[in-house]
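Here's a structure for you.
Chains here go by letter, A, B, C, D and E, matching the order in which they are written, and residues are numbered from 1 within each.
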Amino acid sequence: MPLSLIIEQALNGLQLGVTLFLMASGLTLVFGVMGLINLAHGSLYMVGAFVTAWVSASVGSFWIGLGAGIMAAAAVGALVEVAVIRRLYARDHLDQVLATFALILIFSEGTRWLFGSQPLWLDVPDLLSGAVTLPGGSPYPVFRLAIIAMGALVALGLYLMISRTRLGMRIRAGEADREMIGALGVDIATLYTLVFALGAALAGLAGAMVGALQSVQVGMGEPVLILAFVVIVIGGIGSVKGALIGAILVGVTDTMGRILLPSAFGLFMDASSATAVGSALASMLIYLLMALVLALKPQGLFPVHARA
Amino acid sequence: DTKIGMITTLSGGGSHLGIDVRDGFMLAIAQSGRTDIEVMIEDDARKPDVAKTISDKFVQRDNVDILTGIIWSNLAMAVVPSVTRGGTFYISPNAGPSPLAGAMCNENYFNVAWQNNDLHAAMGAYMKDAGVEKPFILAPNYPAGTDALTGFKSTFGEPEREIFTQLGQTDYAAEIAQIRASGADSVFFFLPGGMGISFMKQYAASGVDLPVYGPAFSFDEVILGAVGDAALGVFNTSQWAYDLDNPTNAAFVESFRAEYGRTPTLYASQGFDTANLILSALEVAEPSDADAFRAALEAANFDSVRGDFAFNSNHHPVQDILVRQVVAGDGKPTNQLVGVAVEDHRDAYAAECNM
Amino acid sequence: MRGREGWINGALAAALLIVPLALHLAGEVYYVNLASRVVIVALAAVGLNLALGYGGMVSFGHAAFFGIGGYVAGISAHHAILGTSFLGLSTTTEMPLIWLISVLLAGVVALAIGAISLRTKGVYFIMITLAFAQMLYYFAISFPAYGGEDGLPIYVRNTFPGLNTFDPITFYGICVVALFACLFLTARIMGSRFGAALDMAHLSETRLATAGIAPFNIRLTAFVISAMMTALAGALFADLNGFVSPSMMSWHRSGEIMVIVILGGVGRLWGPVAGAIAFVLLETFLGGLTERWGLFLGLILLGTVLFARGGIMGLIAGKARHD
Amino acid sequence: MTEVLRITGLAKSFGALKATDDVSLTLNAGEIHALIGPNGAGKSTLIGQIAGWIVPDAGTITLEGADITGLSVAARAKAGLGRTFQVSTLAMDRTARQNVRIAAQARAGSSFRFWGQVAQDQGLRDAVDQVLGDVQMLDQADTPIAELSHGARRRVEVACALALEPKLLLLDEPMAGLGQDGTQEMTALLARLKSRIPILLVEHDMDAVFALAGRISVLVNGAVIASGPPDVIRTDPAVRTAYLGED
Amino acid sequence: MLSVQGIEASYGAAQALFGVDLTIEAGQAHALMGRNGMGKTTTIRAICGLTPAQKGDITFQGRKIAHLPSHKIARAGIGLVPEGRRCFATLTVRENLIATARPGAWDVATVSKLFPRLEERAGQMAATLSGGEQQMLAIGRALMTNPALLILDEATEGLAPTIRAEIWAALRALKADGQSLLIVDKTLKEILPVADACTILERGRSVWSGPPDALTDDLTTRYIGV
């Protein structure tokens, strides 16, 4: 297997990882820090992608579309938080599962209603289209590099926000004891709405970027959502650092597994079965990874909750 | 009254196929002027279990006479055998998995489109003639994908490298990396619907510049519209082209454009032919008289948009396979008929079928 | 079982006995099968309810057990039809044997999954059970011999000695007996010493351990029993549909079983039955009324969580009583 | 005097902090042995190690001569270790009876019985009534814990521990949160119990400690700095500076 | 400074307060007394907006606060040391202190001086603190909001005698600086010397109010149980 292929795949893995991170970071805020299981996070990803695609197509500018997509996701996130999620913080996880499952149904069908059942296609902006030649000599798509760079920035910003600022402390405090933080003078309800909207905006951003790369369709958020859950569980729920490392681990494992395993099985099987077994094993790989991590460290790689 | 149940894909990345089959089908029904035919349509979302549930409902609750509409072979494999064994007619406007053409064929099963291998086999032959030596070939891992590569190899011989992708996959970075590293001289891919769009867009952005080939499924008008100029100049094989010169076709293309405001794809033509086949048989017999109706279907006594059309012994078409090229069109690229690849093609499985 | 909840449970039982019979007499094959579907889904949820409702173990991976049951039925039928053997063993089409194998196999798998997963708590448990289910899901996808992603059709329904399982109402009868048996079993278990311990494992693990009962063993046992019931439902489901596919194990399915339990009322004996009836009927009839049924189903579910705490049972029978 | 519990050389560190530093002590039949010391001295950590929640770094714990250092929490409870918690661990929406019954059921044998119905088990019922009577909670036996007052909950906790028929009790701040009258009631209850069941008592309420304890050990920074009868401890200068203060 | 008039409050269907009156003058320490379960904590929760009063009025520094959300009440200048400590378990000691701090005389340095123990444990997760350490943290946290009125609900519970003595000394010092206090504590002999006024609750009603020296033995045996 040539080195250039390994490098390119490693970059692909990184890009997948970063995309997952954008989803996972929002989830880890909502799930880990605010203590809410939000199955509908994938819907916000979808909203971001659809609005970006739609606005880009009508206005003719990807960048305006992207801005609109992110803002729409944030706005929808804020709306959902105020209308539904807010009532669920005090409930147990089961009610949250049911309510956000219902939100998935509503969002999927609503999106279908507004935008139709067919996928929308979004073009990569001219500025980021085409490929650049990497130092090693092989070309690589600019857009994927841009995604990697953007993810790194978001990761840094979030990490600083959560671990270094009072805002971050207050959010975490709110999870530990929501009533108490209020009694000490913090308007936790508004704060949570903002955090939720921020998580939604990040999901929308991820959706728009991936949408431009792949396609924009109803249900696009669900596979990513599950992977994002895997990511934050591996990383340690509530830890932004954990989300980043978990995301990259999952992205690279998945991408590398997807080419290495089929070719490994290809050595002693026919192509069709090798792909089937290899790629399915590759998809199992990340879950194996997760089970392994949890079996050894039941709180993930970077546990934040050292509860008594 | 005749009840027809249509199970097809109307949502998700495979939806434009189902939509065109449906629209082509309904256009023919409308043109027939018959009001005694009830067509019930449901979306299978390209999920086998959903398709199975819908077929149970059509058969058990609605007592349909004829089922049709399935786009994807994996769904067809889940639904068709039990339906046809139960005595209901199934007329396929698209999916043509090899088992149903061969060992598992059934007297109540007809395919109006093609057997899955056909277009790929024709492209294999074409590429061999064109002097391609080391193609990298890929298709989704499901019955039609396996058929596609089998068909290709049956005429081309061994490719440089073959890989299978996942059905419904949207990210092809890993495949493109492997293409880049493979040392192949060309790419043949079978990626229908949204898969083709994603692949072509990512391929164009990747900086890999090997020529690509494929069946018409990878280059239908919807895909071309979404990928833009990246596909210009590409050759592909099809059993039909909108610029195919015969009066039935000219009338079909014109009326389809008038009705739906777009150029039909091959899927629309298949839906249109399927409906016309059924209509032609209904002229002769009722589905309740199964033997007579079957005989009427076998006669294939209708004007196909493909010109000559006849059924082989396994109820699959005998037809010409054409070659088309992607050219710049009016605003977006389109396909242009450039020649015939194989005349009166018959699929490879008829011999295995005894009904 | 006393008071209003008792009446509601009785009404549900009566409906399950009478309505399908009436549909059968009216010749509505499709609706009799729909009733079987309701009952089977309810059975899967009754299984989950033991772990989730009574034991507080929020398993997001019960579809794995549902799928195991399904695949045992499917693979048996597959080999029986082709006349081939499974790893040298001849297979069967007798339902009782298939059920036994399904239930045992699911039990063994649940023992392994539970032994690892129960080391974790809360959301980690939710996610690790999901992970194991996803593993099995992808395993099913990867195994081309049994249809892989495309699934495995069962062209001929499995048999039951002395009964004609093809007859929809007979098959319904089998399903409903299985459901009632599992409900009775659940009631017995929850009234027993084991049930009391499980209840405490849910409410106060510390209390249980302090009393000298290891919570882990209690939980694991309940998890295994719960998986077994769900597997039985899976085996019946495969025969009802005549088709098994990895989607039986998907996270969507796990979510759906969970939603049914929550919708019906967590930790209420007949909650899952109420949930299954409501969910399947809503899905079917909203689907008949409008193409946008998903939207309305979503709104109804949302309304239930926000305004009816404790699900349907909570809404009509009030708070659960424990005695 | 028979020795019920013996701790030898117990040690536990959290990072650089020695929470338990080579602690040895004993508990004899019929006595209340009080463990006092400043906040963060390591009292709860010590109780946690005895009960099995925290694994010690070194040292052994023996119960009536048998080494229990390696046993799990549940196994120790079965072996005869009863305890209450600083923060209530009762199941809030179950009744006092149901909470106590779990302990009685564990005492009465395996909980892996799936068929017989506990509600109908007369033996269990009698055992539960017996201990609820001991703590004077019979009249509120069927009230959910959530509706009980703080003091009543404390008594139910003690009943749970008693239902185990333990060889000894570990009590971590049983008076915390009780009003003055509650404290008095609890003091009376413990005084009644001590002849039957010896108690290792952690408590900051000095009135109660001096009223009840036969022996007092003082823990400071994880180590025992003094141990002896109340009168000696009360006047020990080191104890006064570290803990009691001047009064 | 604070005036509570005839408030009633419930937990769900269960009413806990049936009419509580309470007045605190600026710069004074007010003791709220009564047996277990008589409504002391509930009164405090009502003042802080955690269990809003359904009837009655609460006026703080001339402003009606009965229907404000809790964070607004806190910002109006009420600081709470809650029953049961309720430190933010997943935050470190230092983070607990600064997360909700507001500018004023109390800052990390002054709180550390009051509780040196907290400084030693600054980087430790609050969940792993000992019971008494958590209690100190809860007091420090409330002080850091620099409230006009500091409410302490059983703030010395579980503290060693030496520390309690220090806390009472600190409270006396605070009062000397003009800090208003509302104190619930079970040890009469410690609270009475600090208090300027007392209110006794009995079954959710205020039944007696007056200066500590007017508190007769008869009253204490009847309502407090000594």
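What to note about this one:
One rule holds for everything that comes next: contacts are C-beta pairs under 8 Å (C-beta built on N, C-alpha and C of every residue); 3 or more make two chains touch, one makes a residue touch a chain.
Because the structure is a prediction, the values reported are computed rather than measured.
Identification of common neighbours of chain B and chain E yields A. Counting steps between touching chains, the shortest path from chain A to chain E takes 1.
Centroids built from CA atoms put chain D at 77 Å from chain B. Between chain D and chain E the centroid-to-centroid distance comes to 30 Å (mean Cα coordinates, whole Å).
Rounded to whole angstrom, the centroid-to-centroid distance between chain C and chain E, based on C-alpha atoms, equals 51 Å. Averaging Cα coordinates per chain places chain B and chain C 39 Å apart. Across the assembly, chain B contributes 141 as residues in contact with two or more other chains. In chain C, 148 are the positions where the chain touches two or more neighbouring chains simultaneously. Pairwise chain contacts in this structure: A-B, A-C, A-E, B-C, C-D, D-E. Interface of chain C with chain B (complex): residues 28-31, 33, 148-151, 153, 155, 241-243, 245, 247-248. Of all residues in chain C, only 52, 58, 60, 116-117, 119-124, 126-128, 130-132, 134-135, 138-139, 141-144, 148, 251, 255, 258-259, 262-263, 266, 292-295, 297-302, 304-306, 309 touch chain A in the complex they form. The touching residues of chain A, when paired with chain E in their complex, are 166, 169-170, 172-173, 175-177, 179-189, 238, 304-308.
Residues of chain E touching chain D in their complex: 14, 35-37, 83-84, 117, 121, 128-133, 135-136, 154, 157-163, 165, 186-188, 224-226. Interface residues of chain D facing chain C in the complex, by the touch rule stated above, are 51, 72-78, 82-83, 85, 89-94, 98-99, 101-103, 105-107, 110-119, 160-161, 163-164.
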